[in-house]
Amino acid sequence: MLNVAIVGASGYTGLELIRILHCHPEVAVTCLTSEQSAGRRISDVFPTLRGRCDLVLENLEPVRVAEKADLIFTALPHKAAMEVVPTFLRLGRRVIDLSADYRLSDPEVYGAWYETHLNPANLKRAVYGLPEVRRAKIRGAKLVANPGCYPTSIILGLAPLVKKGLIDLKGIIADSASGVSGAGRSARVDSLYCEVNDGFRAYGVGGVHRHTPEIEQELSLLAGEELRITFTPHLVPMDRGILSTIYAVPHKVTTTERLVELYSAFYAGQPFVRVLPAGSLPSTAFVRGSNFCDLAPLVDARTGRIIVVSAIDNLVKGASGQAVQNMNLVCGFPECMGLEGLALFP
Amino acid sequence: MLNVAIVGASGYTGLELIRILHCHPEVAVTCLTSEQSAGRRISDVFPTLRGRCDLVLENLEPVRVAEKADLIFTALPHKAAMEVVPTFLRLGRRVIDLSADYRLSDPEVYGAWYETHLNPANLKRAVYGLPEVRRAKIRGAKLVANPGCYPTSIILGLAPLVKKGLIDLKGIIADSASGVSGAGRSARVDSLYCEVNDGFRAYGVGGVHRHTPEIEQELSLLAGEELRITFTPHLVPMDRGILSTIYAVPHKVTTTERLVELYSAFYAGQPFVRVLPAGSLPSTAFVRGSNFCDLAPLVDARTGRIIVVSAIDNLVKGASGQAVQNMNLVCGFPECMGLEGLALFP
Amino acid sequence: MLNVAIVGASGYTGLELIRILHCHPEVAVTCLTSEQSAGRRISDVFPTLRGRCDLVLENLEPVRVAEKADLIFTALPHKAAMEVVPTFLRLGRRVIDLSADYRLSDPEVYGAWYETHLNPANLKRAVYGLPEVRRAKIRGAKLVANPGCYPTSIILGLAPLVKKGLIDLKGIIADSASGVSGAGRSARVDSLYCEVNDGFRAYGVGGVHRHTPEIEQELSLLAGEELRITFTPHLVPMDRGILSTIYAVPHKVTTTERLVELYSAFYAGQPFVRVLPAGSLPSTAFVRGSNFCDLAPLVDARTGRIIVVSAIDNLVKGASGQAVQNMNLVCGFPECMGLEGLALFP
Amino acid sequence: MLNVAIVGASGYTGLELIRILHCHPEVAVTCLTSEQSAGRRISDVFPTLRGRCDLVLENLEPVRVAEKADLIFTALPHKAAMEVVPTFLRLGRRVIDLSADYRLSDPEVYGAWYETHLNPANLKRAVYGLPEVRRAKIRGAKLVANPGCYPTSIILGLAPLVKKGLIDLKGIIADSASGVSGAGRSARVDSLYCEVNDGFRAYGVGGVHRHTPEIEQELSLLAGEELRITFTPHLVPMDRGILSTIYAVPHKVTTTERLVELYSAFYAGQPFVRVLPAGSLPSTAFVRGSNFCDLAPLVDARTGRIIVVSAIDNLVKGASGQAVQNMNLVCGFPECMGLEGLALFP
């Protein structure tokens, strides 16, 4: 049994890790921390866990956490993660970091979008944890930077086109929409039920959302040259899910059938990517609670544009499920272990 | 491996059976039927299943179904079930029936609330499948009548009080509220998003809901005498969940603490009933997608009334999860097998 | 033109007052205050108002407010209201208070459920502002205590039965459910979208909700003797609306038809109470945004119990709409002025 | 008083017309028709209307309808409208048609996207009813083709840029999202609560949605040359609202400030278009129930793209509110009469 700790367990991604790991046969959750709720049982914070996981939340003391766990999930806000990850690594623990702190390989880019990086030394050790793109590197990693939710949906949606050099790299637009859990569990007026319900809005419009450089970094690596995208996030009155509708201009005229073929070949053998047949479109409802990314690539024959629609559950493939998938790779477990659950619908 | 068929697979309880059984290590789903969608893949009806369960839906021909399965779940409307269950039983198959057809032991009562019973002969063989109340009988059953969703929440909420003779049997009121999936997947104006969203209403008020005789039958058996209840269902703008707030008048003054003790003792060892400590209250959100029934018994000290709040997921403990629990008992599998999944929150 | 001020304008009841008064031909809103947002335009807080009401929010300085207004709506939390109302009254201003501070006529009862009352002297001047029950007194009032949302729905639901002495006063149970706007606009984890959505729960169970004494006070006055009720509030994932399902035991056997007749006669001429014909049931969706209270009284023939279902919009008839109705009475305007808007459905 | 009839009154746009006209001082609704519900009171179909509009729904007999009304709103599906509109016109009645039948000036285009046009003769008389673009022509019109919901949001969002020739006409992408009321009130599995709730999906992707030619026709007229757009609609779990996020490539580098200035000047004096200041973004929640179109034009400085976010209520500015605005123009009433109501929030 692998002993794992979850640092920042009283947020939604922390809870989702506990939920998924509860059905993982090779893992025991041995330590949970929370700054706000230390001393309380996790099942008092999240009554879903009552009788199944009743651990008491601890303060975050890195050395004590490391004593209890072989592998640590850091489900903290950015900055808070890089304050403790170095200790975990120094003590020989493996880390899957769900924050943004180790996703951007260039500390100056991190500095421009977040703040001064506190731990640039470990950036080189960090592997960007998108298994469909760099499974081999993840297997040996000490530190996995678990991708952001929007980037996961967009990079998987574009990887075949970008990698194969089929589109104009200046013409990419990613129009995405997320459920409210993406905003986390902190008490803010903007996230109140009555402020969100029965409304739809864009936010962070105009190239200012912090997931932008992450998407650009990974797509640029796939393309072999620098690219910039236009990325617009929206807020949907629903708990979970991200749907990205991605627009690109192909170098040559193509068809939906050829795209479906291309995507199917590109993602052959990937257990969590489902390329839909022509005529089908994904919905976040069809991946709710599961680790799937559903993709529908198609062509607008009237304008010649390629459109790719991509759906994930932001808390699963967009966060905790992908983190467990990365843990499986890092630890040599079967990649799908603990992640076989199907979506909850309705 | 146990081969199972699901008759009526294109409804919500059918889908939920597939979802749960997908993670059950001793079961293979070998046959799915649907009147409306025969010939289509189940994963075209429910894209959540794509790549994991792609069986083609068949017409309901009872003999052919029986050839493919050791045990059959009938997830049909009432009447449709009793048209095929006799064949399954005659051919030696075990049946877990999710309809109302075998829940009422008296065919005259069935006739008064539904229509003339077509198969009274098998009523005696049917066991009402509420494991917390009659586990032993379920173990040997050929035909399990899986309880209704409202009855499950209300009977579990009242069983300790009624069985112990602690309340006035004339004073019971059950005020319940259900998510919309309880209305099924048929195209009706009343179930449209815009008709349901952002509204709350009662329906079937005044002792006319068909779950009333089922609740009364089971509570009367527990009480050892006939009783009648006032039962009011409501419709909540949510997918899943039933919450029942139940009112009773105790024979003697009591306290919340004593009730919690009583309930905890009564349900000790029951894997899917969680009695909450004094001060905690259940929510349907905390059992969403899980097989739990969460119970909070308490006393209104100002009026002396007992109030019990009971929460289940109507599609799991109120239907398909309980059906799998019954299957486990019938087949000698561990009772919780396939049902260990925790609630999806948020 | 009547100049009115709204004290506490940045909450949901404040906004609703502005929305309603915007279409009132005899009123000009001349002053808005907000502790949290003073200095900002109200239309920056609530963009619905942009271009139609762009007043700058002021700090709450009672004398300055009084200078600008003939009548003042206080939409403040309890306690905060009674800190300023005395000044408004002393300066000769009329006040419609939407807080709980002047609803309970006995300061000891207020003390037991809230805290020590700061202004018992004015309690005698306050008129409980439920027009259907005491229109005449409201007409001359200097200070109207605008009723709570739950009390409005429950008192209107029970008034005919209690006033006519038709039911057992010990047997009343009010099971109510409210939309989330009832919890106000403060940033609390409990009111976050993801905590509320797709769930249903009871709260304040067991006679502890602060609306209990208010309901009991008014029903006791109608009955001519003291009574106690069992009141259970629930939280529904919707923005607006309260539905109360009320149970009572009649002294004599009765019928739905007789009850509908009784209620229709009792409420004849009341512009905002609609008694539904037998067979119809109210929904909060049918009163959303309107000042109506829809009532369906009926009999459960099997148990003899009376059930009354009552629906209002908690922000309109349960707060700001009723406040404008009271203002109209106080000022001699037609009672329905500004309140003719029909419900927004869907 | 103007007597008006609403043909197709039992759908959501029919109800919305009744709701709006109820507060219009110059209009009396004298006739309502419904194929499905003829013989029932409209207030039995929509209990929101009880006591305020209790007309009995009639069968659609065009001559009898024309006898009762000076002006007729046709809120019918496409094709059904053009079967009756000629009769209304022949009898000298004015018509505001909410269907698609008279929006496309070229019957061949109509034929390609819908079916063979039955009444091409009247196409020339029809005026496309977007007041912000052609108010003068609407004033004298006998037949107004009320715009579609998506087209309203997109054309208003792009008109200043297209009219002024500031953008590349080949680079326009409109990514839109609608509430569920846009799908109408017919009983379809796709529109069931459980199919829609807590999910987000695209539909009609790839240039196949029937609003595409309507948008292109109007933008081409504004541009003075033919253009094609990429338009992708999405479905949001909410009742009302359309948000369009529109992408365009400017001929010259520009700034958000300049765009806001341009839009403010272009829409100066338009009572229902609100151009937001830089830094503000619209939400459908802020226009819910109102006739506003809120616009935020801005620049993504990193890629140089222009992004315009546009929000309307699909049932008001996207249908019935705009229809009343057109009626006001046609009849010489003040343009805002009956449309002064502010959005209902929350």
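When the chains are written out, they are named A, B, C and D in that same order, and each has its own residue count from 1.
Simple rule for what comes next: a contact is a pair of C-beta atoms (placed from the backbone, for glycine too) under 8 Å apart; a residue touches a chain by one contact, two chains touch by 3 or more.
Keep in mind that this is a model prediction, so the values were computed, not measured.
Trainee: Counting C-beta pairs in contact, does B-C beat A-B or the other way around?
Mentor: B-C
Trainee: Please identify the chain with the largest separation between its CA centroid and the CA centroid of chain A.
Mentor: C
Trainee: Just how far, in Å, is the C-alpha centre of chain D from the one of chain B?
Mentor: 45
Trainee: Quick one: report the Å distance separating chain B from chain C, using the average Cα coordinate of each chain.
Mentor: About 38 Å separates the centre of chain B from that of chain C.
Trainee: Quick one: chain A and chain B, Cα centre-to-centre, how many Å?
Mentor: Taking the average C-alpha coordinate of chain A and of chain B, the gap between them is 36 Å.
Trainee: Could you list which residues of chain B touch at least two other chains?
Mentor: 12, 180-181, 194-195, 197-198, 237-240, 282-283, 286, 288, 346
Trainee: Taking the complex as given, what residues does chain D use to touch chain A?
Mentor: 170, 173, 175, 177, 179, 194-195, 197-203, 205-207, 212, 228-230, 232, 234, 236-241, 243, 245, 247, 256, 281-286, 288, 296, 298-303, 305, 307, 309, 311, 346
Trainee: Which residues of chain A touch chain C in the complex?
Mentor: Going by the criterion above, the answer is residues 12, 180-181, 185-189, 191-198, 237-239.
Trainee: Touching residues of chain B toward chain A in the complex: what are they?
Mentor: Touch residues, chain B against chain A: 12, 15, 18-19, 22-23, 46-53, 180-181, 197-198, 239-240, 274, 276, 280, 282-283, 286-290, 294, 340-346.
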